[in-house]
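Following: one structure in C-alpha cells, then a few remarks.
Think of it as A, B, C and D in the order they're written, each chain with its own count starting at 1.
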Amino acid sequence: MSSLSIQLPGLNLKNPVMPASGCFGFGREFSQLYDLSGLGAIMIKATTPEPRFGNPTPRVAETPGGMLNAIGLQNPGLEKVFNEELPWLEQFDVPIMANIAGSTEDDYVKVAEQLSKAPNVHALELNISCPNVKTGGIAFGTDPEMAKALTRKVKEVSEVPVYVKLSPNVSDIVKIARAVEEGGADGLTMINTLLGMRIDLMTGQPILANKTGGLSGPSVKPVAIRMIYEVSQRVSIPIIGMGGIQSAEDVIEFFLAGASAAAVGTQNFVDPFICPKIIEELPEMLAKMGADHISELTGRSWKKNERLAYYRP
Amino acid sequence: MSSLSIQLPGLNLKNPVMPASGCFGFGREFSQLYDLSGLGAIMIKATTPEPRFGNPTPRVAETPGGMLNAIGLQNPGLEKVFNEELPWLEQFDVPIMANIAGSTEDDYVKVAEQLSKAPNVHALELNISCPNVKTGGIAFGTDPEMAKALTRKVKEVSEVPVYVKLSPNVSDIVKIARAVEEGGADGLTMINTLLGMRIDLMTGQPILANKTGGLSGPSVKPVAIRMIYEVSQRVSIPIIGMGGIQSAEDVIEFFLAGASAAAVGTQNFVDPFICPKIIEELPEMLAKMGADHISELTGRSWKKNERLAYYRP
Amino acid sequence: MIRQENCKIVSNRPIADNIFELVLEGELSAEMAQSGQFVHVKVADGFDPLLRRPISIASINDGSFTIIYRRQGKGTSLLADKSIGISVDVLGPLGNGFPADEAKPGQTAVLVGGGVGVPPMYELAKQLARKGVNVISIIGFQSSNAVFYEKELAEFGEVYVATVDGSYGRKGFVTDILDGLEGQADIVFACGPTPMLRAIENGAYAPKTYLSLEERMGCGIGACFACVCHTKDDPQGFSYKKVCSDGPVFQAGEVVI
Amino acid sequence: MIRQENCKIVSNRPIADNIFELVLEGELSAEMAQSGQFVHVKVADGFDPLLRRPISIASINDGSFTIIYRRQGKGTSLLADKSIGISVDVLGPLGNGFPADEAKPGQTAVLVGGGVGVPPMYELAKQLARKGVNVISIIGFQSSNAVFYEKELAEFGEVYVATVDGSYGRKGFVTDILDGLEGQADIVFACGPTPMLRAIENGAYAPKTYLSLEERMGCGIGACFACVCHTKDDPQGFSYKKVCSDGPVFQAGEVVI
C-alpha cells in the first residue's frame, strides 16, 4: 500500500493532494501540462444553476505574499458542466469533487441534485464562503443556522457525500463547523479566502473592479493552520485543508494541524506543475519524519506527548 | 502649515505616523536610535492593572510575509507605567496614546481612569482585540454589545478621548465599529492581529508556546485596507489605520482607504528607523500625488468621481 | 506546447528610459511561433513577489528569445536588476499571437505599437517581411527618451514615430499618423494601451485589424478566469474570451475592449 | 551604540558541513566591544523572509567583523548564497556579551562552545589571551564533518573537541570533557544549545559561569518582549530579563534557562 493513499467519505484518493476549486478550471488547461490521473482528486470550479459571467475586470491583484481575486463565480452553468465538462473529465482516473454555489437554497439544491449523479463526481463541496458575489455565498457561511439548514437540504438530495467549504471571515469558526456537522456534512474543506482589498496609488481607487476580493496564497497560511487546528479537535468529520500551500512541507503542516488531505490553490498559478511535484516529494518527506503513512500525521500537533522523529529539512 | 499635521480627538499630531502598541515598548529602546519628538504620537505597550509576565516562550514565529506573536500582554502594570514610563516619556514633545487592557470591565476602567490623568497621555486606546490572553481581550472585541458597554464605561472615567482598537477576527467589522461609536468612542484604531498558528515540522508541535498567536506584517495589509474601507464609510469618527505598513506608499494606501492617521507595528522590528523614514518621505509623495495636505487623501477611494492626479512611483 | 524552463540570461540592458531588452536562452524558444504570444515570468524565487509577470515575446531566435519590458513596479524592477548568467523561471509560450498569415505577400501591413506595445511588432515585422509583405511601422511614445526599436523596425520597412510631447518624431498619437496613411493598409496589427486600441478599432483603418489586449492575470493559461472579456456579439451576456489563452490577440470586433 | 548599516561582504565561505564564515565590512565594527554580542541581519530585501536573523559576532576586526552561521532554514540559506561584494543590512551590535574583565590575568578561563555556539568563543579567547588569561577551549559537535575553528582557537590555548558520534576528538559531550578538568577553571564561559547550558549551570564547574542564551526574537533591541525569561530569584513572578538586550549573556543563576 502506498504511504499516500487516503480514504475519505466518497473519496478513494491515491494521494492526498488536489487542486483547489477555482484554481484549476475544469482541468482542461492543466491536462496539457501533465496527466491529471496522477492527482488525488480535482476540485472543479464552482457551478451555479445558470451560467455566470462574473465580475468586471480587473479581477485579480497581487498583495504581499498573496493575491486577491474577485472572479465572481464565473462558470458555464449546471447543464454545460454536467453535459460537457464532467464527461470530458471521465477520461482521467481521478475522482471529482464538485464545488457548488448559488444565491438561494434552491440554487444549491438544484446543482447538488444533478451534479451528484455524474459518475465521476464522488463528493460535493458546498461553497458557502465565496466572498465575491452579492447574494448567497458567504452569507450562508457566516451564519451557523443558515449553514446548517443548507447543509441538511443538500444532504437530502445528494447521492454522494457532502463537504462544506468554510469561510475564514468569521468570529468563531468552530461554531460554524459544528453547525454544518450537525447538518449532516460528511467533511469540511477549509479555508476559503479572506476578504481583502488593495488600492492603486496611481488612481486612488481599488484595483479590483469589484473593489474587495478574496485573499489567498502563502500569506493566509497561518490563519488556515490555526482554524484547522481548532476545528479538527472539535468535529469528528475529516478536513481537507487549504490556504497558502506551496510545498510538500506545507502539506505536512496542514496534516499536523488536523487535515486529512490538502488542496493547492494559488500556487497552481505560480508553478503549474506544483501538484505533481508535491505528490512526488511527499513519500521521501514521510520517510524523513519516520511516518509509515501520511494519515498518521493528521492532528499530531494536538495529540499530546507524541513528538515526531527529529526532522531537519 | 505642514502638509502632514493632523488634528484628531485629543491628538494634535505633527504628522500622522506613530509606532503601534506593543511594537515600541515604552519608547526607551528606540530613543537610543532617534529623537522620539519627531513622531506623530506613540502608542505605548498595553497596560493592565497589575504587572503581567505574559506567555511562555517562544512568543514569536515568522510566517510568509508576516509574523505571529503571543506576548500575552506582558507589562509592568499600571503603577509602574504611570509613575515611571510616562514621566520618562515627558522629555519628548510627543503625545502618548495609552493602550489599555484587562480581563474584566473593572480592569479597563481602573487603568483608563488613572492613565488618562497623565499629562502626556492625550488619548486612550482600548485594546479589546488582543488574541493572546485567556480572559478578556478579544472576547470584548468580537461581541458588539460587550464592546459598546465597555466603551461607555471607559468613556465615563476617562479624561481624554477614547479610541477603540478593533479585532479583525470578526464576521462583521462594521457592526462592532458602529457599536463602539454608539458607546461613545472618539475614534477607532484598526486592525489588531489576525489569529494564526505555525507548526514546526521538526517537532510536530506549534512553534509558539501559546500555540496560537496574532498575525501581523505585510501579509495582513489587504485585510486591514478592506476593513478600514468598509468601516470608514459607516462611522463618523476617525480611524488610525495599521496592519502591514512598511512604507510611505502603504501609509497613503491606508489614507485612501479611509484612515486619518497611520501606525507602524511589525516593520519597526525589520527596520527600526522606519517611522522617521516614512515621515521624511511623505511630503514628496504628497507632492507627486498633487495633494496639498495628507488629510485630503482620507477616504478618497470611496469618494467617487475624484480620481487622483496621475502618479507613478 | 507550453513549457516551464529556467532560462539563462544572455543579455539584459536598458535601451531607453526605464526600458530593458532581455535575451533569454531556452529550449522553449523552439515552441514559439507567433509574435504577440507572451511568456509568464517568475521574477524571484519565493513569494516576493508571488505571481508571474506576463511579457510579450519581442523576437524569436534560434535557441533564445527576446523580451522588452518597462521597469515599473516591484516585479519588473527585480527583473531589471538581474545579471547575465542568472536563470529566470519562464512559462511559455502562452496565448495566440498575431496571425501573420492573414497578410498576403505584396499586401501592405501597418504595425502599430504604443510604448511597451512596440516589442511584439518587431518579431511580426520580421515574419511579414520574410514573406514579402510590405511593412509600415508606426510607434508611439511619451517622449524622446522613451523611444526604442525605431532602427530595428526600419530593417523591415518604413517607420514613423510619434511622441506625445513632440520631443521626437511627430507630435501626437499613433492614430494621427494612421490617419495620414489613409487607404494604404490592407491589414493593421496593433499593441498598446487600451485607449489606443479602441481608437484603432473605431478608426477602421483597414479591412482587417488585429489587436493585442492587456489584462491583469492570474494563471496565464486559461484556468482562473481572471482575464476574461465579453464578446462583441453578446456584450452583456455569458459568452466570453480569455485574454491569456484565447488572446491576447483578437480581431477587431471580436471582443469588447 | 546600535547602528544600521549596509555592510559589504568581504568573504563568505563554507568552513564545515553547512557552516559558513562570513566577513562583513562596516563602520559598526567600531562599536563592537564584546564577544557574545550579536548582530541582527536582514538577509533579503522585501518580506521574504520578513524578520532579521540574530547571529553572534565571532570576531571583531579593524573595519570588519566575522560571523559564523549554520545554513538551516530560509534565512541562513539565502545568506549562504550571497557573494562577495554584495551588501547586507546589519543592525548591531546588540546585547551584552561575555564580560572578559571577569577573568583576571593569570587565571584560567574555560570556554565551552556547542555547534554554532562556538563562534563567539573565538573573539572571547582572543580578548582573554591578550590580557594574559589562560584559555582552555572545549568545543562540541555532532560529527567530524561539523567541526570548525579548532585550529583558530588553538592560537590562544588548549582546545578539546567532542563529537556526539565519536567521529572526531572525544566521543560524547562537552560536559564529559569539562568533568575531566575538575578544579582547573576559575571561570567558565559557554554558548550552545539550551540542554548544554543547563548541564553546565548544574555542573558548577567554576566559581563564576557565564552563559549565552538563545531565544526567538522579534526586534532584537528590547522593545517587543518576545525574548524574555524569568529571573531565578522569582521564577514564577513578574520579574524578567530580555535575552536580546539584557543578555544574551547572563551569569549562571541569574535567569531560568
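We take it that contacts are C-beta pairs under 8 Å (C-beta built on N, C-alpha and C of every residue); 3 or more make two chains touch, one makes a residue touch a chain.
Everything quoted here is computed from the prediction, not taken from an experiment.
The chain with its C-alpha centre at the largest distance from the centre of subunit A is D.
One inter-chain figure worth recording: subunit B and subunit C are separated by 46 Å, centre to centre, where each centre is the mean of the chain's CA atoms.
Averaging Cα coordinates per chain places subunit B and subunit D 36 Å apart. Distance from the subunit A centre to the subunit B centre is 33 Å, each centre being the mean of its Cα atoms.
In subunit C, the residues touching two or more other chains are 47-48.
Residue positions of subunit A touching 2 or more other chains: 64-66, 217-219, 313. A complete topology is adopted by the chain contact network, contact being made between every pair of chains. By the touch criterion stated above, subunit D contacts subunit B in their complex at residues 1-2, 4, 42, 47-52, 91, 215-230, 237-238, 240, 245.
Of all residues in subunit D, only 47-48, 73 touch subunit A in the complex they form. On the subunit B side of its complex with subunit C, the touching residues are 64-65, 313. On the subunit A side of its complex with subunit C, the touching residues are 22-25, 28-30, 32-33, 45, 51-54, 57-62, 64-67, 69, 71, 74, 76-77, 207, 217-219, 246, 266, 268-273.
Every residue of subunit B that touches subunit A in the complex is listed here, in rising order: 63-66, 68, 142, 169-172, 194-199, 201-206, 211-212, 215, 217-223, 225-226, 229, 244, 249, 252-253, 256-257, 289, 297, 300-301, 306-308, 310-313.
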